[in-house]
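The same chain A turns up in both complexes below, where it pairs with chain B and then with chain C.
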Partner chain A sequence: MGKLIGHAAMRIIPAVLVVVALGPIFWTVLGAFKELRDIVTPIPKLVFEPTIDNFVTILRNPTIRDGLLNSVVVVSATVLIGALLGIPAAHALARYARRWGDDIQFFVLSLRFMPPVAIAIPFIVIYLDLGIYDTLFGLVLVYLTTSVSTIIWLAVPAFESVPRDIEEAAAMEGCPPWEVFWRFSLPIAAPSLFGALVFTFVLVWNELLLALTLAAQNATLPVVAASITSLGKEVPWGVINAATVLLVLPPLVFIGLLMGLLNSMVRSGPK
Partner chain B sequence: MANISCTDIVKAYGAHPVIDGLNLEIPDHQFVVFLGPSGCGKSTMLRMIAGLEDVTGGTIEISDEDVTTLPPGERDVAMVFQSYALYPHMSVADNITFGLRRQSVARDEIDRRLNHVAGLLGLEPFLDRKPKNLSGGQQQRVAMARAMIKTPKVFLFDEPLSNLDAKLREKLRTEIRKIHLSLKTTTIFVTHDQLEAMTIADSIVLMQSGRIEQIGTPDEIFERPASRFVADFIGTPAMNFLQAKISVDPEGLLATAGEIALRLSPEMFPSLKDGSDVELGLRPSRMDLCEPDATNALTGHVVLVENMGSEGQIITEMDGQEISFVTKEFRRLQPGQTVHFAIHPEHIHVFDPKTGKSLRSPDETL
Partner chain C sequence: MTRKPFAALSLAPAIALLAMLAIVSVGGAIWLALMNRTLRSPDAEFVGAYNFLRLLRDRRFFNALEISVIWELFTVAGTILLAVTLAILIFETVKKPIWRNLLCFAFLVPVLLPRVAAAFIWRFLYSPSLGVINYLLGLVGIGPVEFLADPSLALVSVAVVDIWQWGLFFTVILLKLLETLPRDPIEAAMLDNARTWEIHAYVTLPMLKGPIISLVLVKAVESLRSFDLIFVMTGGGPGTATETLDLYAYQMGINMGGRISYASAMSILLLVVTTIAFTIIWKAGRRWAN
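Right after this comes the complex of A and B.
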């Protein structure tokens, strides 16, 4: 009997947790396809006529559209430049930095210790002086400090797991260090590096505080989405829901990719 | 084809030298094995010759060209790693031909050489596979093919067989030896397995703590170990060691250790004097059963009989010491029995107990 209850509990408790976790997301997705009158009814409606008006509104709305575009530009640039700077740095740290390697790695990580609020205000002043306040360039620049450090921190173990023998075998074939990096270390570490880039992408895509303080006209999507919620009583719930879905979609896709990759790596096993 | 000479090689990590003033000459075409316990510096030495490890002091020459500071790719040497170090993102064929493709060798020349080495090592069916889809032995062969296709001056093997099971190890050992007989490329092979070294080497360089203990043919190393360390390291079952005192009598030299008394050959050990303390080395495989009154007969109680198939190792106890010997007649022996066995004076090794050096006269021929 006790066993039976245990078995039941084993199934019920996770089910409840899943419902609790996914409930709001499910409701948001539903809301994105509802018209306003279906949303604000006193009795929640599960059956309704779906509409894509909310998405049309969003994509027609220049603020939101610009926000989306800004987000894509800023995040892509940040991840791309972060990878260009961070991945070679990580390889150098993993392979060549003997004496100061640990200190450098800790310093890089320590860039992330400071709460963003603490750097946001000085950055406003500096950016105003430099004339890069409220520019996409300024945003990319400030995001790079965090993305480079995240990429380095995640890529160092990726390169450390590349067998040293393979790099040495390549050196024996006459490859200079850059070629060893480009033709061997990089392709072999690629799956783990991809994870590092996806993680960085998600981190920057979701960033709100620095975007809020350092940009006004050139806002990114999280800022725009946040601003819609402060519209007062005339809240366009459907539009907010659609905006949220749009905001969540790219990280979700990337996380999906990441999980698939991790699973395939686990399945094929370490070789 | 090349000879290798290492002069006054020093390797230090920080202030601590792991190899301090090592000299070594390897003649052309030789198959040399660096043998020693782990941490003796044999792999470090190999990696310095390969160019993968910086040399702190001294010079390394390959065919009389100073390569001490050359990068590994410019030394014309090829190496086979313990882990095989195959490129996981390339097919077997690409793994083997990478070096040649990199040097922009003509495509048909590459194909010709690939077919040749693949045929030699039986790799034709696997050329399109990825390394992870091969067994350990096959991966090992790919690593060898990758080294051979470049026709380098020197082959370097860093414990290439130690990740394989015993049967496969033996098979590949023979193959490596055969390949050397046909190619005659100067080869250095690192191992900690003394049996592997004995079977494969033209010449063994036995190392300990960054020093060379002895250089010699497998026979020299086995029959005339220069030190107690060498004697102990080489040979299975391991040599018996006894602390003994020398006395000189009209019949010659006598070494006594408690009840044990052994005749030594005065010609082999001219430096021994009456009353010298020595350490005797008795190889189990050089002793066998004998009559109780035979020369150098030892009498002991059987403690254990170890069946090794065609022969057996008998561990006996005498005068508080354990001494083992090997005999084909082991099947009629039982623990607790008293046995008599003897060693010929020529096969007794005598070492200085302080320095560990062999006291055998260097003039005397094998």
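Right after this comes the complex of A and C.
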């Protein structure tokens, strides 16, 4: 009897856990395809006639379209510039910096401790005075704190795991340091570096507070989504659900990559 | 080009940019905190420690401080407890690799969601009139429960979402770590007829002490970024029941008349407290981990 219950538990536990993890998201996705009258029912409906009206509404809405475009521009600029600055810096930290390396790495990490509010508030005033308040340029500049520090933090271990022998052999052959970096270290570290860029992409795509305070009008998608609470009289739950789905899709594309990153981090040994 | 100039050249732009942004934001915040600048007009004069002294007499500030501390303790403890429990549960009951991998994928999804999206998803579930949770509670004769409008429940209800996102993520990490542990000590304990929970409490978890402490630290830093979730779910309300320090600073500095100097004083205090706290935790963490 006890064994029977044990067997049943083994079947049920994974199923329950998957429902806990994914159920709320699944329900929102369903809601995105419902008409409002299918949402406002006393008994939640699992079977209904799907509609794409909610997606049409949000994609026709100029504010949401602008938000989406701003998000794409800001996030790609931030990740790209972050990579251009952060990856060479991480390589230098992993390979050359002996005396100052640890201090610099601690400084980089400590930037991630900073409460975002403490960054946002002084920057509002500075941006107002400089005339770059509410511009995408200003937003990218602040986001570079996040992207450069995150990329350095994740890319240093990636370069440390590149075998030294290869770099030394190349240097012996007379390769200048930049060529060693470009032709040998970078391609070998590339898979882990890509993971670091994806992680940074997700962080910046998801960010709300800085975008809300520094670019209220030229806002990114999270700010726009956060501001839909009412269109007309009723809370437009279908539209909110559709906007949520739109916001959620880009980070989820990279889930497989995150899993791989996690596996390689765990395999390289608990810290 | 030799090694040293190359290293300097590749390091300098990134570090210069980070240093500039750090100095400008910290310096700017200190400068503003000593003035009486508002968002409405660019004129301001030096007022010294006035803003800081006023903070000490501000009840709403101390309320926000209290809420922040409760939020921090509750979300960190909740996340770690959930992750340890679920990781051991899955490790013991789900043996097939395919099921484990599926679970891991499912558990990674919530943490990838933007906070704004997670907030909306749960606001929908919590809704008293059309939410699924209240429907299920209604079936057993409870409710409707005003999860987000009841001052005594609101903070916990929001914290549940945070724990849902991070606890499941940490479960995956801990499960992977459990799988990498050497089998010998576990088998030795099994030979001694140790119960399952004893094996974990006395053998596996002590072996994972270092990584667990790292996870606590990561979560403690992460929990400070509560703004996005709380802002969308409750906006700090009802009343000030879920108003953490970053929400109060935002309300002061931007929403309510733009008292930006006062908000700066608050963010300076927040910065000092977190820096001290994390240096201590960091050092202590290193000592425990070794």
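Here is the rule we use: the second predicted complex is superposed on the first by the 243 of 271 C-alpha atoms of A that agree within 3 Å, B and C clash if a C-alpha of one lies under 4 Å from a C-alpha of the other, contacts with A are read in each partner's own complex, and residues count from 1 in each chain.
As a convention for this text, a contact is a pair of C-beta atoms (placed from the backbone, for glycine too) under 8 Å apart; a residue touches a chain by one contact, two chains touch by 3 or more.
Quick caveat, the model's predicted, so the values are computed rather than measured.
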(message) Both complexes share chain A, so when I overlay them there, do chain B and chain C fit or clash?
(response) fit
(request) Counting touched residues of chain A, say whether chain B or chain C comes out ahead. (result) C
(request) Identify the partner contact of A:184: answer first if only chain B is touched, second if only chain C is, both if each is, neither if none is. (result) first
(message) I'd like to know which partner A:169 touches here: chain B for first, chain C for second, both or neither.
(response) first
(message) Quick check for you: in the superposed arrangement, does A:16 touch first (chain B), second (chain C), both or neither?
(response) neither
(request) Look at A:257 in the shared chain and tell me whether it touches chain B only, chain C only, both, or neither; answer first, second, both or neither. (result) neither
(message) Between chain B and chain C, whom does A:115 touch in the aligned arrangement: first, second, both, or neither?
(response) second
(request) Pick out the closest CA atoms of chain B and chain C after fitting on chain A and give their distance in Å. (result) 8
(message) After overlaying the two complexes on chain A, where does the chain B footprint on chain A coincide with the chain C footprint?
(response) 176, 271
(request) In the complex, go through chain C and note every residue touching chain A. (result) 1-4, 6-8, 10-11, 13-15, 17-19, 21-22, 24-29, 31-32, 37, 39, 42, 86, 89-90, 93-95, 99, 102-110, 112-117, 119-122, 124-125, 129-130, 132, 135, 164, 168, 172-173, 176-177, 180, 208, 210-211, 214, 221, 224-225, 227-228, 231-232, 245-246, 249-250, 253-254, 260, 263-264, 267-268, 270-271, 274-275, 278, 289
(request) Give every residue of chain B touching chain A within the complex, in rising order. (result) 50-52, 71-74, 77-79, 81-89, 98-99, 102-103, 132, 146, 150
(message) Per the contact definition, I'd like the list of chain A residues that touch chain C in the complex.
(response) 9-10, 13-14, 17-18, 20-22, 24-25, 27-28, 31, 39-41, 43-44, 85-86, 88-89, 91-93, 95-97, 104, 107-108, 110-126, 128-129, 141-142, 144-145, 148-149, 152, 176-178, 181, 202, 205-209, 212-213, 222, 225-226, 237, 240-241, 243-244, 247-248, 251-252, 254-255, 258-259, 262-263, 266-267, 270-271
(message) Please output the residues of chain A touching chain B within their complex, sorted ascending.
(response) 163, 165-166, 168-176, 184, 187-188, 268, 271
